[in-house]
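In what comes next, chain A is part of two complexes: it sits with chain B in the first one and with chain C in the second one.
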Partner chain A sequence: MGETSLSGTGAARSAPARPATSRLRRRPRWLKTAFPYLLVAPAVIYLMLITLYPGIYAIIQSFYAVKFGPWQPVGFANYVRLWGDYQFWGALWNTLVIGSIALTLQCVLALLLAFFAYRDPWVRGWRIVFLLPMLFMPSAVAFIFKLSFLDARVVSDLLIRVGLIDGNLAIQSSVWMSRGLLILADVWQWTPFLFIIFVAALQGQDEEVEEAARLDGASWPAIFWNISLPMMKPVIAVALILRGIDITTMFTNVFIITKGGPAFGTETISYFIYRTGFRFFDFGYASAASVIMLILTILIAQFVVKRAFVSARS
Partner chain B sequence: MARIELADIQKKFGLVWGVRDVNIDIADEEFIVFLGPSGCGKTTTMRMIAGLEEPTEGEIRMDGEVMNDIDARDRDVAMVFQGYALYPNMTIYENIRFPLRMRGVPRAEQDALVRQAAGLVELTDYLDRKPQALSGGQRQRAALARAIVRQPQVFLMDEPLSNLDAKLRQAMRVQIKHIQRQLRITTVYVTHDQIEAMTLADRIVIMQSGAVQQIGTPDQIYNDPANTFVAGFIGAPPMNLIAGRLADGTFTAPGLRVTGLPERRGGKVTLGIRPEDCHVTVGADHLQGIVFGVEPTGETTYLTVKAGEKLVEVKADRDFRADLDTPVAVGFDTTRLYLFDTASGDRLR
Partner chain C sequence: MASMRKKSRGDNLVLRYAILGAWALVCLLPVLWFLSIGLRPRTEIITPQPIYWPTFSLDAWHMIWSDWPMARYLRNSVLAIIGSVLIDLVLAIPAAYSLSRYTYRGRDDIGFYILSTRMMAPAIVAIPIFFLFRNAGLLDTIWALMLIYAAINLSFVTWIIRSYMLDIPKELEDAARTDGASDLRILWEIIIPAILPGIITASVIAMIFAINEFLFTLLIASTSQAYTMSVALANFTGGSDGVIYNAIALVAFLAFVPVFIVVVAIQKHLSRGLTMGAVKG
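And now, the complex of A and B:
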């Protein structure tokens, strides 16, 4: 009895309430299910067009011989040829040498700068200055370096006037000097980027922790080494991945400053791919090299992310 | 293990006074508590003792030696921070060992000292964990262990219990006091919680707006407040402060009349009476008012009486109950009345 009367009153009450609730717009069920997909759709479509399509295209092309005429399926022939191509291995080695030295230098430099600067109350004000090299067009930077070191010999001239050297620096005739020039250009342009990231990470760390360490008797370098640096590990990892991928695909500076010379001594993988594809028009072969490079970058990124994040968390 | 003297300490942040004219002598092995509302300068004063902040003027001396120009890390002072400030990248063991490592304690001795300190705060089972894996109370104890492990000259504690829940706070209070008594290390403790101050301190320094209001033992502060600020800050619920007039030994305010006060200069005077020194009576008494609110706490009942526009808090019997707006009379323990100058807030003695 009680139940029926209760449900009776409930129905009686909800009946006049119906028209009131109908003022609220109801979302159709299909929209509810589709909504999340709709939200990510633009990004996914964009990514597909920009990266996935050419990526898959390159993978397919790497199994064909493509030279102006119709595509000839060749199986793994392009990859086999890469395996035996000393120029490809040379490009790989150059990328590794130039990339790792440049990356280490700019990372250490940025860390040092950040260590000295992050406590400065004015660093927020003038850190925009550090962004300047990043704001320049990469090709413009490359031309500046080319002009000052090679074509116009500004640097050589300055060094001669100061009396440090006797004759012009023959950069183009030395593999290591040419590599050094590429490294210098990259370090100059990208140290600020890492600096900003590291400063932000250091400024974001708990000030109390630093003060505690000071009272525990730690010097500033000891605090940095024992506390700040370990806490920055994930940030450093992300920065290194970003820069690492960038450096692995280094092209602009090589293309403009050294053209891969002397004697292919500064030819990076990107430049090798460009040369194969757009100089010899061997697209299938270039695609195969690209695929290898893609796999390498993914592997390196995976490795760095895993190492850095696992040790930072556990 | 050190005597601390603060002599004419001033601290200015730009144009703003942080701390002014602070003179405190802290005896060896004393537990002293800086008490005051936020922004009163208590933390700044402590940070100056630590060396994290430099006084604009004045001298800080430890055992007679001027410390002003000595770096924080050379002062042999250990601090427990409000947010614990444990090193998140290290285990609890490494955290506690860190000050030993930084101060060059021989490796062979480190382990024993760490385990001893951890034992003192009952953290022995958690040494392998990272701070994130500990509860608030455990982190607090880890911070404490890190401070005591090297037996510093001075302990500084900056609101160390404010992030804990009430129950844990009470337990940790006892622990901290016990450890301080055991190690006999001079301790400066900053808090805004008057219960913590009363229960922990040998002496309390009450501060407001950067200036010291009163220094004294908890009993002195409670029984003999120097001004209305101290009177109103200590005690829960706080002392009733009723502004009125004093003439010919009689204090009057709306609904209130207290006679037989010693002859003193009359005029605008504030009368202070603690809720626990009031009692509800039948018939006419010092205060006539109506019931504004009744708050039973189980242990006792707090009655709020409205007299004129003023609300007066009274501690009544635990089973006292009354309806709103019923007339009520309140008697005062006249030996426990305090009179203050209304304008300056200073005690009239």
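And now, the complex of A and C:
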């Protein structure tokens, strides 16, 4: 049985092992070979239109000055300008700082919550409650954070009432408080994403291993730290990568809450590209920044993501 | 059975419920605050002292239907999202079938290429795609939104479906194959019914991402002709009156309800879907 099922489904490649039954269909051999490619081709072509085409377009455009008139070839001028542009480096730095703090916080929080929730009898209830923030439109969440922290100063008011601070927080004039606000909004909305995944991973693990350790007298934190966590590693890697991608491309919150300010202190790389391209219409320059990002993305995808997904599956 | 084991464990229940309870409040209180913003009059939103017990008012409800073409935004969102999910399924099901059921040269690279498109920052491709749609005359149409949402979600949908297909025992197909069924018939009559939960999960997740999508919609939809709910929100500003928060909060709540219902319905599959099949929840 095992023999035939293997050759049956793998028929496309190994023509000699073709099962007898498929002779009935009399399909030409080239079609048999091409068939799996034909199935996957539409999806690949579609994705190339949206990734490869724009990639090439951006590369070409990055060698031109594209403002309102016709394209003017400028060689590497856009890249040279990027190299010396402190706003570009600042945007890279902001993305890294905001992204890594937000990702670390939500990972620790999600692990902690998952650790306490996964063997709780009401785990289904916790999951639904913890899921709520994730189900609101990010643009609306951003507005509510803007309202509560900046426009209506509700948070300042609450903190004053509790006696933690004396006057209103001047968030908008502080780079770090503004970054903190972006981080907070992201942590509030997206910790659930990691939590849901971690709980599922913990529930899916082999209970007998845990039981055995428990019988040996190990405490729960010790079991979690020494047994569950190492087992979850591949899952954590995949979850963090998916979340990391979304954090490093953060745009909505910046656009709505801080507009990149104060003093470009919260401008992420996505917002930098948007501002250069669609506010200053400096498309050639924005494309050069896109190309740099594209190269970084490809490198990270090749070396980090591929390995993480391969190990998660095995 | 699970609860019995817990009792014997004697670990710190107080700490556990303190932490879980605290986080539940962190999740719930802003949501209630959200709702209270949506159901208060505009005059009670931005005040020198925040108002915690507002007057109940349906101002926002009347405003969203009379001052804005809300019905059109809603229709745009629904059409663009449903269209994009259909495009995704048509493209992803055969692709996932090919990736999960055949062995051929380059298969893993193709699969990884599909996966890696998820890593692309929208801002990187935004400019070329803006020009692509402009040259095609598609700017400010829901067709453009449909195509772009489909592209964003295609990698996700393909990988989720592929993961479910890998779980189907091959014997199931072999029986049909010995009866002389063609590959496409096997896909249609055996595989697709068997992985229906996976297809639904993938569709729900694609739907949520499409609802949330912001940057592309902002660039592609330049007038209310093609605004979706997500971007329409950003334009709920009454000129000199500033941002109209109660309308934003109410619309967000109305959009939340259907999302909540479908997500609870597929809860069991959610973690698997969110990790593109890497975690089998």
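FYI, the second predicted complex is superposed on the first by the 262 of 314 C-alpha atoms of A that agree within 3 Å, B and C clash if a C-alpha of one lies under 4 Å from a C-alpha of the other, contacts with A are read in each partner's own complex, and residues count from 1 in each chain.
Please note the rule applied: a residue touches a chain if its C-beta (ideal position, glycine included) is under 8 Å from a C-beta of that chain, and two chains touch if they have at least 3 such contacts.
These figures come from a predicted structure and were not determined experimentally.
Asker: If we overlay the two complexes on their shared chain A, which of chain B and chain C does A:Thr297 touch? Say first, second, both or neither.
Answerer: Once the two structures are laid over each other on A, A:Thr297 reaches chain C alone.
Asker: Could you look at A:Ile227 and tell me whether it touches chain B, chain C, both or neither (first, second, both, neither)?
Answerer: In the superposition, A:Ile227 contacts chain B only.
Asker: By the touch definition at the top of the document, which applies to A:Ala91: first (chain B), second (chain C), both, or neither?
Answerer: The answer is neither, since A:Ala91 touches no partner chain.
Asker: Between chain B (first) and chain C (second), which, if any, makes contact with A:Asp216: first, second, both or neither?
Answerer: A:Asp216: touches chain B, not chain C.
Asker: Residues of chain A touched by chain B versus by chain C: which partner has the larger set?
Answerer: The larger set of chain A residues in touch belongs to C.
Asker: First (chain B), second (chain C), both or neither: which does A:Leu82 touch?
Answerer: Neither partner.
Asker: After lining up the shared chain so the two structures overlap, which partner does A:Asp151 touch, if you call chain B first and chain C second: first, second, both or neither?
Answerer: A:Asp151 sits against chain C, while chain B stays out of touch.
Asker: May I ask you to decide whether A:Leu111 touches chain B, chain C, both, or neither, giving the answer as first, second, both or neither?
Answerer: neither
Asker: Share the list of chain A residues that count as touching for chain B in one structure and for chain C in the other.
Answerer: Chain A residues touching both partners: 214, 219, 312.
Asker: Residues of chain A touching chain C in their complex?
Answerer: Per the touch definition, chain A meets chain C at residues 1, 4-6, 8-10, 12-13, 19, 21-22, 24-25, 33, 35-37, 39-40, 42-44, 46-47, 49-51, 53-55, 57-58, 61, 109, 112-113, 116-117, 119-121, 124, 126-133, 135-141, 143-144, 146-148, 151-154, 157, 188, 192-193, 196-197, 199-201, 203-204, 214, 219-220, 234-235, 238-239, 242, 245, 248-249, 251-252, 255-256, 269-271, 273-274, 277-278, 283, 286-287, 290, 293-294, 297-298, 300-301, 305-306, 309, 312-313.
Asker: Okay, in this complex, where on chain A does chain B touch?
Answerer: Listed in rising order, the residues of chain A that touch chain B are 206, 208-209, 211-219, 222, 226-227, 230-231, 312.
Asker: Using the touch definition from the top, list the residues of chain C that touch chain A in their complex.
Answerer: Per the touch definition, chain C meets chain A at residues 2-3, 5-6, 9, 11, 15-16, 19-20, 23-24, 26-28, 30-31, 33-34, 37, 45-47, 49-50, 90-92, 94-95, 97-99, 101-105, 107, 110, 112-132, 148, 150-151, 154-155, 158, 170-171, 173-174, 177-178, 180, 182-183, 208, 211-212, 214-215, 218-219, 229-231, 233-234, 242-243, 245, 248-249, 251-252, 255-256, 259-260, 263-264, 267, 270-272, 274-276, 278-281.
Asker: If you look only at chain B, which of its residues touch chain A in the complex?
Answerer: Those residues of chain B that touch chain A are 50-52, 72-75, 77-79, 81-83, 85-89, 98-99, 102-103, 146.
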